[in-house]
Structure formats: structure tokens, C-alpha cells
């Protein structure tokens, strides 16, 4: 593939993914409001469009049209930089996530992944360290939160951002360590290879168990650590202390309004998506799912994407469900939970897993 | 060609970030400049095919060490450096100093590039994680384990230092 | 094979005692201290007896026990090794036996002294070192003991360290001994250099392959060096000066260290090294001359002394001279025999003198004594035995041993008769001053306050003597205060019991060595024969030139002649002793006013003798003062203060001024430090670039 | 393809900037960051040299590059060194920042010119 077509394909893919992602984010907010409303015995949005389906659009228009307020005492450059940084970093991590195998459009085969490159022979070369890039980008995302709080020059913001940064740094450790078990089993950092190593079924003692070869089964502990740490990473309930509207007004984005606030908002939801994608890829076999015969070729090639989207949707649903169900942690409980429970458990999980891997050779 | 362009772009970003680090008087701006330098260095590492190093550059340096710096700056609420007579003198000495030093070294390197064999280097995927892991856990096992002790000591030292007396 | 005797226990036990008393004794009661000291000494004695008993009568080869390696350097090695042969059997029994008796005596004698635990700790320490000395199987370990007994001696002489004279006497003993040790060390170096070992058996084996030296050579040099060492330790001319002053120590110390055991170490060493001396006739000759000179010098000096302990001290020096003389005429067995008997009777004399001093409240001047025969009868009788023994009346111990020596001297080829004559005169003098002591102390009237003014003036002229007088007074005071009773009194039985035992030994101790011509078999010499083997035959051949080629008849004829001669010699020496007794009786019992008249007549000689030939003063003028002056002017003021202190101070002030300049760099400003670091790095870079470019 | 010297020159420029930041800045945190900058500069040359040796090894016979002294070079060890440098930098940051906090607590300043208790 020459450079020109590479760039063209890449641009198309980026545009498409960003569009889908942002739309997804918008409708996730709708879904959340609806679901939480139902959980709380309310209706949620109903006025704009059927079932309130146009509500996200209205929200977006409102955000764009609102006055762009910048308080006097803020550190202006950083105040502007922070939300951009947050959104950019959350979007970058989408770049390495594979959604499926390949897709052939107009005789042109390409990988269903922004960073994936399809070679002439049909082989797909993924970026080797996809998982590390996601971790790295997530860790850069901390700056958005930290700078937002600090540059606002407001005590609520500062407290919120300090809480948020500390929380994200703390849980990043547990998050990273919970993934090591997967790495040990798959032997790769490439997301595509990790998914591929989950194809087929578990074979125990020569017996085909007909259980999908997903890493959730040997790594159930790792999965729960990942899930909890991911909730904390995305500052979602029950770990939403940085925002904690009842204590800190709105945490690090207290001083933000209009589009800058929307950026934080979107960043949070994109992060949710990233985390959900990652959970599906690492623990639930990614796009692998039951094969449905008798479908037209295009649909057939989109079937893996469907399975993947289903899994991601399940996690999004889980997020919302938990938000509607659980109360918030106290801050010291949060830190103690991260450092004294999740981290040791993750280390123990690594040790046990590596022993088993070593034992099995 | 693409390689050279990318190198020049990121190299310029690097230098700009580093210069900004010096020029800025508020430490948080310096810190962010440094993050920029590190991030672009990570990309240069990718150009050099060192993807693992690039990743840990981002994770460890940008994501951990620099966050710590920013954190401390926020914690201490450090203000901008005040301008003094000395600082102006320093500026007058410093800017030519940087130019002279960097120029001298650059001149030396260009001059001696013949001795380097004129080898041009580009991306290759030799720096993949597998081989580094093999090297790290076989040939450099002892240093690796010793660094873990070092880290432990550093953690304890930091805890002791950070603890308030009494 | 021979059982493991664990010889190391013999010296170690007293060391344990010393350690216990030395470390914890301050808190112990006196009874506990003496129990500990006696227990360990007794145990050591018992163990020594057991070892000797097991080994008796000892084989041709010594029993050797290597306890641990000590110094190993290349092929040279000196282990912690002990050796028990006939010679060390005698020594170890004498040391532990007499030492034990003196320990018992000390319990009584020191009962009221301060530093009781210290005294017994030192005494045990001395036992440890002395036993190490006599049991060692190499010269180096022997040297350890040698130095150790010197240390113990120093500590004990200076036991009353608050007294200047005692401290000085201790110092003097130490320094004079050092001079002797210097010779010993040189001798050892020569041995290592030439024979590559210090272990007796190895050295002697190698020495015996060495041809006998006729003139001056290596063996002679070694022998003379060893003799120098022995002269220091055994108080021979010219290094005898420390011993009389050593009487500053408590009397049991004088008895144990400065009469019975330590001072005989030199003789022991000479006897031990017989293999070397036998092949160096010139060295042997000098040994004999030194011994002879010492004997007569000390005897004449003893004539005029009025201090009872000093008389005994000079007598000791004189008797040591006899022993060295014996070694010098290659009659080592006789020397050791005399060593043993001397240990008995001289210890007895000292302890008896101590008992006398104790009885009359610390007085040591014989002119203030007299008529004590009735008052302290037990002491009198044991002293009588001792006096007759040392004077050489048969059948007491001293007769046999002294007769052996004189006989051997007489048969010495070159100048043997001269040696014999001097020895004989010495014997007469010995008899005279000993009976003088006897008469002055025990006969006549008790005259506590009587001192001739003129004599006192003379005494005061000799500083050491005067100091000693003061010393005796202080002892008296201490005694008076603690005792709280005046008057003459017999010593307690804890002191008398050892005296009686020593008296018995002094009486019968010589019977082990009754010579053949008297119908005895000279068991002692035969017992020692395996050790002295090399000399019994070789030396005889050397001395008499009796070769195997001579015919038996000739030998027979010579033998009868020999026996006659021996009887004659014995008779002569007894006669000399009798003469001494007679003159002493005449001068100090029959006509006590005579000595004053005689001294007045020969005033010059008397003063000379009274002041011990001015040897101390001579040494002071020749060695001590110039050395002091040299040290003060050149070494102290010049080298030490000028050069060394100057260098040190100069270095100090230089670095201080440099530091004063350099500290300007230490501005305390972190960035200036950073600049220094950067400049340093830049210099390194520049140098590296320059080197590369220059390449 | 980029010559090795370009990377080295970039490294040198960054190092010089770091050095002068180290010397000229007065805020102790910025000084610390300058040190990190210097470390990064060195890391860059490590990685560049690793690649350089790899290229040499690919060219040379047997696929093993050798020093002038004949010692074989493992190109990847450059990366390993970078790893170690990062570990040390992390430890250093932890302790250094703790020290900075302690200094700030007692001296109430971050200006190194005012932290001069070491002065005579």
C-alpha cells in the first residue's frame, strides 16, 4: 500500500470511527438518562422526538450555542488546554482498538481498526504494543483533569482535581496489573493477537468443553480487578468522588461551561467506551461469537462487529446500572480499597497466573 | 523521506518544548513543556523502532514522573520565579551558552560523522517487547532485581521524608 | 603411645585465676580472692604432677603437644606448642610447687594489705607466664613467657605504686630487662635466619650437624646473644643492677619471682640451649666468666649490706652467678640442680626474712634486730636450716649442688682452677654474710631503736638505700595500723606451714643428687641425661679429652684419682663454709665491736663495697645521663618538637589555610555547586575531545 | 532515512538546554525538571545507538556487530539501559520531590538561592 492510499484510508477510517464514537457517546447519555430514570421510577427525556431520541442533539446544540465563559482569575492557557487534552487523549486510545477482522469495501480490504494496516497478502499488521499505548494515553489523560482543577483557581476545582489525579494514578496501577494475567496467557501486547488467541473453545484434559476460549474464565479475578479499577479510572459511580456534586459542586469542571464542559463530558463517555471495549477484547473474546450461517456477505463480514458492539453495549449498560444502584465511596475508603485490596490482589493474581503458565510450560 | 520529515517535525517540537521549559517562569508551564518534550521523544523512539521504550517513555515519564511533578507544583502552589538582576545576567550568559555548547557538540558530531560510518538508521521492529524482555530477564536479571530494591528504597525514603514530624 | 597430657591446662589454670581475680576481684572478699588464687595454682600444680607422673621418668624424646598454630610465615612456623621433657619437668614442678607454697604464705603475709585481689591476680598471672616459659617448645613462645614474667615482675615490684622508689624500681627492672631482651631477640633472629625455625627440636637437630666452632663464629654469636638475654633476666654482670632494687616488692614476690623462679629463667634458657653452647667453646667460656664474676661481685656486695632483704638479693645474684658458671663449664645438670635447691632454700630464706619483718613490725634493717631466736622460734629454726643449706654444709641441699658446680669448674680445662678458686672464695663469702645475717638477726639482744649515727649517714649517702629505708617504714606503718598490735610476735601458721615445708625440702632436696664418689648415684644428673645427652658425653670429651681410644686401665686409674680429687674438693668447700661461719661468729657474735674497727681501718674499700662499687652511679653517669641528655636535646626538642611536630603542625596549618581559600567555593548556594559540577564535566569532555583529536 | 548524527545532535541540543536550565533556573522544581530533560537527552542517544548497532549488525557478516576491541555488541542493550535510566529517574523523582516538599515545609520557599543553610 502506497503512502497516498494509506493516508486516504486512514482519514476515512478516523472520520468514520470518530463519528460513530461521538454519536455513540451522545446516545449513551440518552440511554443513561432513560435507564436511570426508569430505575428511579421516572420517565427520563420524552419531549424531544419520539422517546426523547432527539434529546442528545438538542443538548449538543445547546452546548455549542451557549456563551463561552472564562472566569477572570483562571490560568487562561491551561484552562483552555485542559478539556482539549482530556478529549483528545480519550479519543486517541480508540485508535488502537480493533473492532473486527477486516472489511472489504469496493474491492478494497482494510482492517477494522484505525491503526491496523492490511498488507497485500491480506495479512493484518497491528501495532505491537496496543495495550501499552492505551495505558500510556490514559495516563496522559490525567493531565486534563489535573490541569483543569488547578487552572480554574477555585478551591472546589482544585480539590476535585487533586482527588481525581490521585485516584486515577492509584487505580492505574491496579488496572495495569490486572491486565498482566492476560498478557501472560496470550503472550502478546497486541490487542488483535490477544483477541485471536481467544478464538475456539477451552479444551481441558483433551475434552472439548464447548466453553468459548475467553480469558474471563481463567482470569475471573483479574477481570473483577479490571472492572473496579476501570470504574475508578473513568470517575464513575461508585468512584465519582472527583465530581461529587453534593460535596464539591462539580469537582474539577466546576468552572467550565458550554463546549469546554461538553468536552469533559464527552471525554468521560469516550473513556467509558474505551474501557468497555478493552474489557470485551481482553476478557470476552472481542468480536468472536457464534457463527450465523446464511447471511449475505456484507452482513457476514459485519457480524463480528455486531458481536463486539453487543459486548460493549453490555458493559455500558452495566455502567449505567451500577450508577443507578450504588452510593458513593468515602475518599479514604476509596484509597484504602485501591492500595490495600485491589493492588495486592492483582499482584497475587499475577503470581498465581505466572506459576500456572510456567507449570504448563 | 517521510521519516526525515517526521524526525524534523518531532525534533523541532522537542527543542521548542525544551526551550519553553527554560523560558517559562511558572513551573507548571515548564512541566507541561517537558511533557511535550517527552511525548515527542516517545514518537521519535517509535521512529527508531523502539516501540516498547516509546510506550514506557509515555507511561513512566509522562504518565507517572511528570504527573508527580505537576502534583507537587499544585500541592505547594508554587508561584512564578521572580525576576532579579541575577536572572537577567543569567539570561545573557545562558542563551549564548546554550547556543555555543549545542553548536560545539553539533559541529563535533557532524565533523566526526565519518567515524560513525555514515550509517543512516530508520525504523525496524527489532525493539519489540519480546526481545527486550528476554534480555532483561536473562542477561540483565541481577540489575533488574537490584533496581526493584532501589525502587523500594526510594519509596521508603519518600515516605519517611514526606511524613510530618510528630 | 603417650596419652594426651593436656599440658596447656598447666599454664592456663593460673591465667583463669588471674582473670577472675583481676576482673572481678575488687568486689570479692579476701577469702574468696585467696580461695580462687590458691585453687587454680593448686590445680595447676596437681596437673603438673599428674603430667610428670604419667610421663615418668621420661623417654629419650620429649613429649610435645601442639595446641594451636600461631605464627606461620612461609616455611617458618611457631605454634602454641608445649614440650615436657626432664628439664621442663624439673622446672614445672619447682615453679608450681614453690609457687603454690608462696601463694599460701602470701595469704598470711598480705592479709592486711590494700590491693589484695590485685596482688593475687598478678601472682597468678606470673605463674601463667612462667609456666608458658618453661613449657614452651619453641623460643618464640618462650619469649612470650619471658616478656610476660617481666611484665608480672614489673607489676609486682611496683605493687606499692604510690611509693616513688617502688615505681622507679619497677621501671628499672623493666628497662634493664629490655636491654637483655634485645640480646635474646637478636639471638632468635640469628637462629631463624640460619636454621629457619625456632622450635627446640628442629633447631638443635640442625645445630648438631654444625661443626664445633673453635674460634668465633655463628654459634658463638648466637650463644653470646642468648647469654646477654639471660644476663638480663638472671641478673648477671653487667645487668644485675635491677634485682636488688626489686626488693621494693612485697616479700613473697621477692621469694617467688626474684629468688626462686623468674630469675632462674635465664639459667633455664642457657641449659635449654646447651646444644648451641656445646659447639661454641668461646661462648661457653664467656658464660663461665660472667657467672664467676657475678658470683664474687655480688657476694662481696652482700657483705656490707644491712638490709635483710638486700643481703638476700645479693646472695641471689651471687647464687645465680653459680648457676651460670655451671652452665659455662657445661655442667648444665649441676646448674639446674643448684637452681632447684636454690629455689628451695632461697625461697625459704626470703619467706623467713618476711616472717622476721612481719614479726617486728616491718623493720628490715638488721642492725635493729637481734635476739629474735627466742621470740620467733619456728622462724629461727627454718632460717637456720636455710642458712646452713646455702652456706653449703652437708648434708643439706646446698652442699651437693654447690659442690657439683665447683667440681665441674675445677675440671674445666682452660682456667678451670681459677674459676674453682673464685667459686670457692665466693662460697666462703656466702657463708660469711649468711651467718652474719643469722647472728645479727637471731642472736645478741633485740635493739629496735639502735642505729649507729655514722652508719646512718653512710646509708643516707646511698640514695636507693635511704629510699628503701623509707619504704620499710611505710610497710611498718601499714602493718601497725592494720594489726593494731606492737611487739614481736610469731607469724601465723598459714605463713609458717610453707616455711616448714620448704625447710624440709631444703634439707633433703639435695639428696637426689648425691655424687657417685660419695656412694650416691647422682640420680638427678641421670634423670636429666636424656635432655643433656649431647653434653654428658660430648662435653666430657670436650673438657677432658677422654676419647674412646683410651684404654680401660687408664680410665680406671684416672677414676680412682678422680674420686680422691672429688673428696678433696668437697672437703675444701666445706672448709670454706666453715671459715665463713667462724668469722661471722667471731665478728658478729663474739666481738660485735670488731666490724666497726675493721671498717674504720679499711674505710675506702668498705665504702666501695657498701655502695656496691658505685655501679649504679657509674651506669647513671655513663649511660643514663648522656642518653637522657641526648633524648632531651636531640630527640625531644630537636626531632620530636622541631621536625615531627613541625611537620604535623605545618601540615595542619597548611591544610587549614588551603581550606580557608577553598571554602570560598562552598558558598552554600546550590546553583554555584551545580556550576562546579558542570565545569568539572565540561573539563572532562574537553580533555576527552582533545585526546581524541590529538590521536 | 536519517543519519545517526541527527539524533545525536538533537540529543546534544536537549542536553545543553537541560544543563543550562539546571544552572540558570532558580526554582528547585524546574531545576529538577532540567535534570530529567538531560536524562531524556541521554536516553535518546541510547536508543539511537541501539538502532545504529542494529543496522551495523544487519550489515556485518554473521549478523553480529563488534566493537573495535572485538567485543560483540547486543544492540538491544541500549533499550535496556533506557529502561534502567527510567527506573532510576522514577526513584530519583520520588525521593527528590519528597525532599523538595520537606524543604518547602521548613523554608517556605522553592528558590534555591534562599535555601543556603550549607553556607558558612
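Order as written gives the chain letters A, B, C and D; numbering starts at 1 within each chain.
Operating definition for what follows: a contact is a pair of C-beta atoms (placed from the backbone, for glycine too) under 8 Å apart; a residue touches a chain by one contact, two chains touch by 3 or more.
Just so it is clear, the model here is predicted, and its values are computed rather than measured.
Touching chain A and chain B at once is no chain at all. Comparing chain C-alpha centroids with the centroid of the full set of protein C-alpha atoms picks out D as the closest.
Of all chains, the one whose mean C-alpha position sits at the greatest distance from that of chain A is C. Chain A and chain C have centres, each the mean of its CA atoms, that are 100 Å apart. Chain A and chain D have centres, each the mean of its CA atoms, that are 34 Å apart.
With centres defined as mean CA coordinates, chain D is found 77 Å away from chain C. Work out the mean CA point of chain B and of chain D, and you get 6 Å between them. Contact with two or more other chains is made by residues 52, 56, 64, 75 of chain B. Not a single residue position of chain C touches two or more of the other chains.
Shown for chain D are the residues that touch two or more other chains, namely 19, 23-24, 26, 113. Residues of chain A that touch chain B in their complex: 3, 75, 77-78, 81, 127-129, 132-133, 135-140, 142-143, 146-147, 149-150, 158, 161-162, 165-166, 169, 172, 189. The residues of chain D lying in touch with chain B in their complex are 1-10, 12-21, 23-27, 29-30, 32-34, 36-37, 40, 43-44, 47-48, 50-52, 54-56, 59, 74-77, 79-80, 82-84, 86-95, 97-102, 104-105, 110-111, 113.
Residues 663, 666-671, 674-675, 678 of chain C are the ones touching chain D in the complex. By the touch rule above, chain B contacts chain A in their complex via residues 2, 28-29, 32, 35, 39, 42, 51-52, 54-56, 58-59, 62-64, 67, 70-71, 74-75, 125, 128-129. By the touch criterion given at the top, residues 3-4, 7, 11, 14-15, 18-19, 21-22, 27, 30-31, 34, 37-38, 41, 44-45, 47-50, 52-53, 56-57, 60-61, 64-66, 68-69, 72-73, 75-76, 78, 81, 86-87, 90-91, 93-94, 97-98, 101-102, 105-106, 109-110, 113, 116-122, 124, 126-127, 131-132, 135-136, 139-140, 143, 147, 150-151, 153-155, 157-162, 164 of chain B touch chain D in their complex.
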